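Chain nomenclature is as follows: A, B, C and D, assigned in order of appearance, with residue numbering initiated at 1 for each chain independently.
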Amino acid sequence: MKKEQETKELFEDKLHEECAVFGVSVSTNEAVGLTYNGLLSLQHRGQEGAGIAVVSENKNIICQKELGLVTEVFQNGKLKKLPEGNVAIGHARYSTTGTNSSANVGPFVTEFLTGRIAVAHNGNLTNAKELRDELKSVGVQFNASSDSEVVSKLFAYHVVKQKDLMKGVVKAANLLKGAFSIIILVGDKKLIVIRDKYGFRPLCIGKSEIGLAVASESCALNTCGFELIEDVLPGDVVVIENGEIIQRLNRGELQEKYRLDRGRDKRAELGLCVFEYVYFARPDSVIEGLSVYDARINMGRALAKEHPIKADIVCGVPDSGLEAAIGYSQESGIPLASGFVKNRYVGRSFIYPTQGERDSIVKIKLNPLSVNVKDKIVILVDDSIVRGTTIAKIVSSLKKAGAKEIHLRISSPPFRFTCHYGTDVDSEDALIANKMTIPEIAKNVGADSIGYISLEGLKNACKKTKLPLCTICFTGGDCKWEQKSTLEDVN
Amino acid sequence: MKKEQETKELFEDKLHEECAVFGVSVSTNEAVGLTYNGLLSLQHRGQEGAGIAVVSENKNIICQKELGLVTEVFQNGKLKKLPEGNVAIGHARYSTTGTNSSANVGPFVTEFLTGRIAVAHNGNLTNAKELRDELKSVGVQFNASSDSEVVSKLFAYHVVKQKDLMKGVVKAANLLKGAFSIIILVGDKKLIVIRDKYGFRPLCIGKSEIGLAVASESCALNTCGFELIEDVLPGDVVVIENGEIIQRLNRGELQEKYRLDRGRDKRAELGLCVFEYVYFARPDSVIEGLSVYDARINMGRALAKEHPIKADIVCGVPDSGLEAAIGYSQESGIPLASGFVKNRYVGRSFIYPTQGERDSIVKIKLNPLSVNVKDKIVILVDDSIVRGTTIAKIVSSLKKAGAKEIHLRISSPPFRFTCHYGTDVDSEDALIANKMTIPEIAKNVGADSIGYISLEGLKNACKKTKLPLCTICFTGGDCKWEQKSTLEDVN
Amino acid sequence: MKKEQETKELFEDKLHEECAVFGVSVSTNEAVGLTYNGLLSLQHRGQEGAGIAVVSENKNIICQKELGLVTEVFQNGKLKKLPEGNVAIGHARYSTTGTNSSANVGPFVTEFLTGRIAVAHNGNLTNAKELRDELKSVGVQFNASSDSEVVSKLFAYHVVKQKDLMKGVVKAANLLKGAFSIIILVGDKKLIVIRDKYGFRPLCIGKSEIGLAVASESCALNTCGFELIEDVLPGDVVVIENGEIIQRLNRGELQEKYRLDRGRDKRAELGLCVFEYVYFARPDSVIEGLSVYDARINMGRALAKEHPIKADIVCGVPDSGLEAAIGYSQESGIPLASGFVKNRYVGRSFIYPTQGERDSIVKIKLNPLSVNVKDKIVILVDDSIVRGTTIAKIVSSLKKAGAKEIHLRISSPPFRFTCHYGTDVDSEDALIANKMTIPEIAKNVGADSIGYISLEGLKNACKKTKLPLCTICFTGGDCKWEQKSTLEDVN
Amino acid sequence: MKKEQETKELFEDKLHEECAVFGVSVSTNEAVGLTYNGLLSLQHRGQEGAGIAVVSENKNIICQKELGLVTEVFQNGKLKKLPEGNVAIGHARYSTTGTNSSANVGPFVTEFLTGRIAVAHNGNLTNAKELRDELKSVGVQFNASSDSEVVSKLFAYHVVKQKDLMKGVVKAANLLKGAFSIIILVGDKKLIVIRDKYGFRPLCIGKSEIGLAVASESCALNTCGFELIEDVLPGDVVVIENGEIIQRLNRGELQEKYRLDRGRDKRAELGLCVFEYVYFARPDSVIEGLSVYDARINMGRALAKEHPIKADIVCGVPDSGLEAAIGYSQESGIPLASGFVKNRYVGRSFIYPTQGERDSIVKIKLNPLSVNVKDKIVILVDDSIVRGTTIAKIVSSLKKAGAKEIHLRISSPPFRFTCHYGTDVDSEDALIANKMTIPEIAKNVGADSIGYISLEGLKNACKKTKLPLCTICFTGGDCKWEQKSTLEDVN
């Protein structure tokens, strides 16, 4: 039992992204297939459940969703059971709570007075409970316990109340607080794309000969044959029909048209979650003009400048530290070497916990490459340290493999504060950087030294991004955010 | 492909019941286990999906439901994942439409302003679409396409609107039209039991040392250790808490208290669906004071009086005609004999359709017992004839097994009219009794004679029942019922 | 844990048949489909695993087998993966030991010097270990731990050694001791059918326009469109090719041709297992000229004569006592009534064991029909009593349902001795009739009286059978059979 | 259908290794768990089936095996069903033929006169059919169609014939022709380790405080806490008991003791399969003294010397070309860059084949990292080209991503000849290098140039290996090897 706990902790000792969204509006009848492929390419953002909703010929919305990886959810011909169509959206989910119920998987389909919508949502609302309570107070009822159901029903509610699709959507969008990148599929074959005013979560649009696609990350656009044409502007509402953008409401227009103040918050800490560059996004994605790969190379370079040390080799922890390690090597001139081989087959599977070896589980997943590290002074680069349990085992196994010294370099500042916008750390007590000084952390994880990138250095590494960056998890901000309320389980 | 169609038709050539409901309020923490056992005993009423909802310690409602038989839905330890509790409800579903989506399985949990309810519902509403439209017009939204979701949300809506649980429930109950036997599980550990004013579908209450149980049929009470104490009165609302009935609103009280007219319709044809006695219910159930077993024996006796014939043996079609055959034999003095052996393992499983034998599929399911029928004049008793396709194959296989003459005796009158209260015959065109005269039917199915019980005979066989009986499927009634509207699929 | 044990015992408190075999040689390419249907109709003889082997176009033998019911093993299109062919055999297995490994499911395919054979085997060898040891001593190797593998390899060994298919088969058949009904599929599209010299287990041949079928019971012939033409003679070897019997070696011929003495043992107790008539076989089967249904009716009649008693009704325990109850009623004139309703959905599934009700599990499976038994003196007929645990719960539940008196009538004599030919009772200590007198048994199970049929009565009821009957389980015989040795598990 | 074919080809356009073997003899009862972990670490060598055999307390051998990945075969507690023990072996299988039957998965357990053995086998015999025929001629029978069954039965046969375990094992080992690395588990808790005289497939031994482990590759030793102590010498038979090597028969001793000539073949082309260094083995393995990682770095360096070209970046095709790319970069000074992001979730899963994009499938698996390749002259390094279909799509997608020029560098010589020792290329016609000149290949796959490493260069890169290398797939050798015979399917 204790061992299972240990195994679990190993998998949990990383931040987790909430979700991925994808949508297409194309001239061919391949919307479902493209969405499936898109979700495959966004699987790293959410592995607990997946779903696709498509508009059928008779303008009905049909949805298939379940717990499991995208390939599992749609295996055995289940993909073909969905009707063909030209407009579809998809969702891949990572749940922060223990409630892995199929009822919480997206997209959420809601039927209301004048139609049906399906909603795919990435992000964490800070006012989900309030919205839910308000909706309940005006008669809206709920079946599940996810934020996404709140989002779906809020939109449906306001569409009906405003007696106008766009007015309702804009109204609802303005009530959402927190992080949200949303794609709404409307029964009349429209896609409505919405992003919160800070742009916490990425959302972008791609174009091809057959139409448009919307995705959490540009890597999914590329793999599906679309070329990234723009990031959705924070605060924008974009309407897509027949493969074209037919309406685009930005803050200015919104104020004019719907008399709403969607002006940016003044607090500098809010913006695109910097962890998208640090860890969440796939390196082949370009977010807000900045290549994730480049950003990580820059972080590694900055680390090399901020925390130089004489060493024989630079190694990245696979896969999270690989690019920063390249950057460190490039800047420092210290040769890059593979420090580990990662087992591509184990994923979250059971590993037998042997008695003798404390670090056996981590070694099955990540085996030190002795040939490279033996008798070497190793600079080991990773993206972040959360609880510190996994990195301690990695360091230990590297030492056993013969590494003489291990100098940890972390491409993000000490992670000290919980975040209500999308990372799943329940309590700041769990965060090692909140409990220890940096030398204490080094000692605790067995490293000979630790160097964290400075906040300035990180920001500088990402300076080409078009958006301000949210760095609250490092700074705590100057504000006390309301506690994200936990919705109670149904299933 | 054609053969698969043929196989499917064989399974479909019976009327299908809609659902089963079960609920318990007990002093032990076995509510979930008892509900599971209860659903096992009601599985004959619905085999497409099953679910259980239970109130947890902290008064939350947790629900587990899925497509499949009860044993399948809760296998592999899934039953134990539900929290222990003293109040739970369960649902087993048979869908009349092709939409076998887990989203349509009950119970339906709805969270609203002041709490959560779970609803298990047996019956067919005739105004589901209207209610749904009305609810949508006041802002209620939908996720699935089953009647039961409408029921659940209607109750939630009115509970909120009336600002009182009981007032809301009564109000909502009065808006439902058609057939409904409903158990509502309330977060504060109440069970609310509701039955439509005609009592179309059975619903009864049982008592044991540890508390009360509510079930579609009394057989489930017995198997779970409860003794049948009453049938829920048509039009009644019964509230159960801590294993006791704490409130009981009947028509008189309702009129007084909530000023609602729930007086019975004058049309004599409406009442308890007579097919519960003829076919749906398990013979060990007692419904409205009349044992289903006795009722069927009586039907067989009546048939013997109405349609006597000289014959060697009386056989029932397993399992639907077995009891009526006993009655026929008792009345006529013609010895009872088993005419067939039913394969207990095939259920709805695939049977290989061979080329040569037209009736091979039916023989795998139901093999004639040559030793009993050879060179015999056989009286073959069944409960009803819907399309006539299956009985034709049964008669043919009996003749091949050597039966000299076959005289069909049917324990219900010719089935001529579709019903919007719970049987799943789409079109009257499919009904053989609607297209042919009785001699034509005999010829068509290959029988030497057919005798249907008279309506009078049937009513007389059931005369001990405390309720009027609905016999619209035989008479058509004097009213044109609105077409039950089909809700469009989401999943 | 204790409860699971209890549940298990309930299922185990019946004798278990070992296996079913089926084979076809037809002119169409439906051999696989027919074998599948045949196994469906023999599923009652073995529910733990199933398999089909077929000869492909190029005279190769291809086999598909797995743990599970026939419908489970061949679901999801697995039936279609087998090549089409005109000759196939099938096997359904019930294992007496705990080793439910797919490696032990039949048919067993063996490739040897001159070809391939597949063997389907029903019966228990008494010299399996000896044969295995002897085969091992001449170099034969084993992969699994079932008797059937021994049979398969023995045949292969002697075919090679004799350098002649038939000579080898006959030689091997003569080495087998105990009970065996075997169908061998040979790569050159022959079926070889073998039955031990006592005819312990049934085996019969049916004919249709398209060819021949061989089956454990005639019910499978009928359901697949074949007409029973003969029971395989004990000691015979029958060769089938192109849908016809091409060779038929009986004892006389065998002696002449192969100089082997296969004369019957003088001990009168050996012969066809009488439990085939009492319990194992399906009532629609005809075995050795005697209808199983008729035999059971006769047993019931004999019981009525031997153990008359004044009573209100006669009930059979479903399904094992139903026919004998009919016979008892016919002879005694006491009316037949259904005493229980059997749940057709639970099978071996989990039933929740509630605390209060000791007999809850048996009631979920078999619910008393109070309407019939209340205040009645009931004659309850069953086929046999093994441990007595289940019948005690049945009697108890019937009493709780209001039965005034219960008089058990058992259509077989007291079951006192273990059997090495096919029933799975490990130890005579477990047998209630071995530990108690009949009055003690009555008291133990709560019955007001028990009457067992006499051995004479049973034999008389089966007097139309063409074979002597083995009744060792009642008499113990005058010989000490060697203990059937348990083969050790591989998988 | 055509598209499915296309998808399949993509997965097939790599050489495939046959199998992995693993075994332990330890003082703790963790043998099964360690073997499970060992197989996890060798999963890259075989993904179609897996199994573990363990010696139980009573010296019986129990085996569990099935189709699927290691994690799938032993999920849902199936690992715990195996008894605990101190000696176990495991097998992971890749089948070259279409016969994915569980009957062909290893280990193979054989029971014979004097005991039981289980055999795990990696390699391809060239005389499997002959051995099988010979064994059949002396009475051995077969159930499945894999080489490994032949190996298992051959050993069992000779152990019996020689009346001595070791003599039999040595005798049998000497009859095997081709490639084989074998671990035999003997019922008396010995492990016998055998490697063919050329050492085609790797096999090594590791030590820890608790005992010894044997594995196909040293990476599995490391991850399970064992330290590599030696590679099994080609032609050796090593016996392990109680965690120690108790006997070690090498060629000299064998000649003396058993008078067998196991001298090396003179042909220089035979030896350790060079593809183990080029592609099969995990980079963290050390084979015959040479680190696989180092070998690949060396190959990259050699390529840089042999085929220098001016370029902007060096990219490796993930994961097969990554190390050679590092070497190329180190030697040439041209910076290394990631050219692609590999999707870690798709594996062999279904990818929707869109109409427009010819290369969509490959892009889902391997998406170009535009940021790195755009407007760049790219040196693209991979390990080999088989059919050329996949690399063509990779090149095309890289060009679409903006690469200006693409210069392919292949770390093995042109692959021209089929091999009967373990690669699964059926026909030389399929090999692009057999049909085209190098410039033609370049044109065909869309590359601006192709440079293959020379045979000399490759050998030089691997010069630290202790064994001669087999390079027949490049040279064809001077001998005509017998065609490996295909055994016919049973299951």
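As a convention for this text, contacts are C-beta pairs under 8 Å (C-beta built on N, C-alpha and C of every residue); 3 or more make two chains touch, one makes a residue touch a chain.
It should be emphasised that the depicted structure is a prediction, and the values quoted were computed from it without experimental measurement.
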Problem - Co-neighbours of chain C and chain B - touch as defined - result: none
Practice task
Return the distance between the CA-based centres of chain A and chain B, expressed in whole Å.
Solution key: 48
Practice task
Would you kindly tell me how far, in whole Å, the mean C-alpha position of chain D lies from that of chain A?
Solution key: 37
Practice task
Could you tell me the distance, in whole angstrom, between the mean C-alpha positions of chain A and chain C?
Solution key: 60
Practice task
For chain C, jot down the residues that touch at least 2 other chains.
Solution key: none
Practice task
If every chain is a node and every touching pair an edge, decide which shape results: line, ring, star, complete or other.
Solution key: ring
Fill in the blank from the handout: Checked against the stated definition, the touching pairs are A-B, A-D, B-C, C-D
Problem - chain C to chain D touching residues, read off their complex - result: 60-65, 102, 108-113, 116, 133, 136-143, 153, 156-157, 160-161, 488-491
Practice task
Using the touch definition up top, name the residues of chain B that touch chain C in the complex.
Solution key: 28, 30, 32-34, 36-37, 40-41, 43-44, 47, 69-71, 74-75, 79, 208-210, 219, 222-225, 282-284, 286, 291, 293-294, 319, 322-323, 326, 330, 335-338, 340-341, 343-347, 349-357, 360, 363-364, 367-372, 401
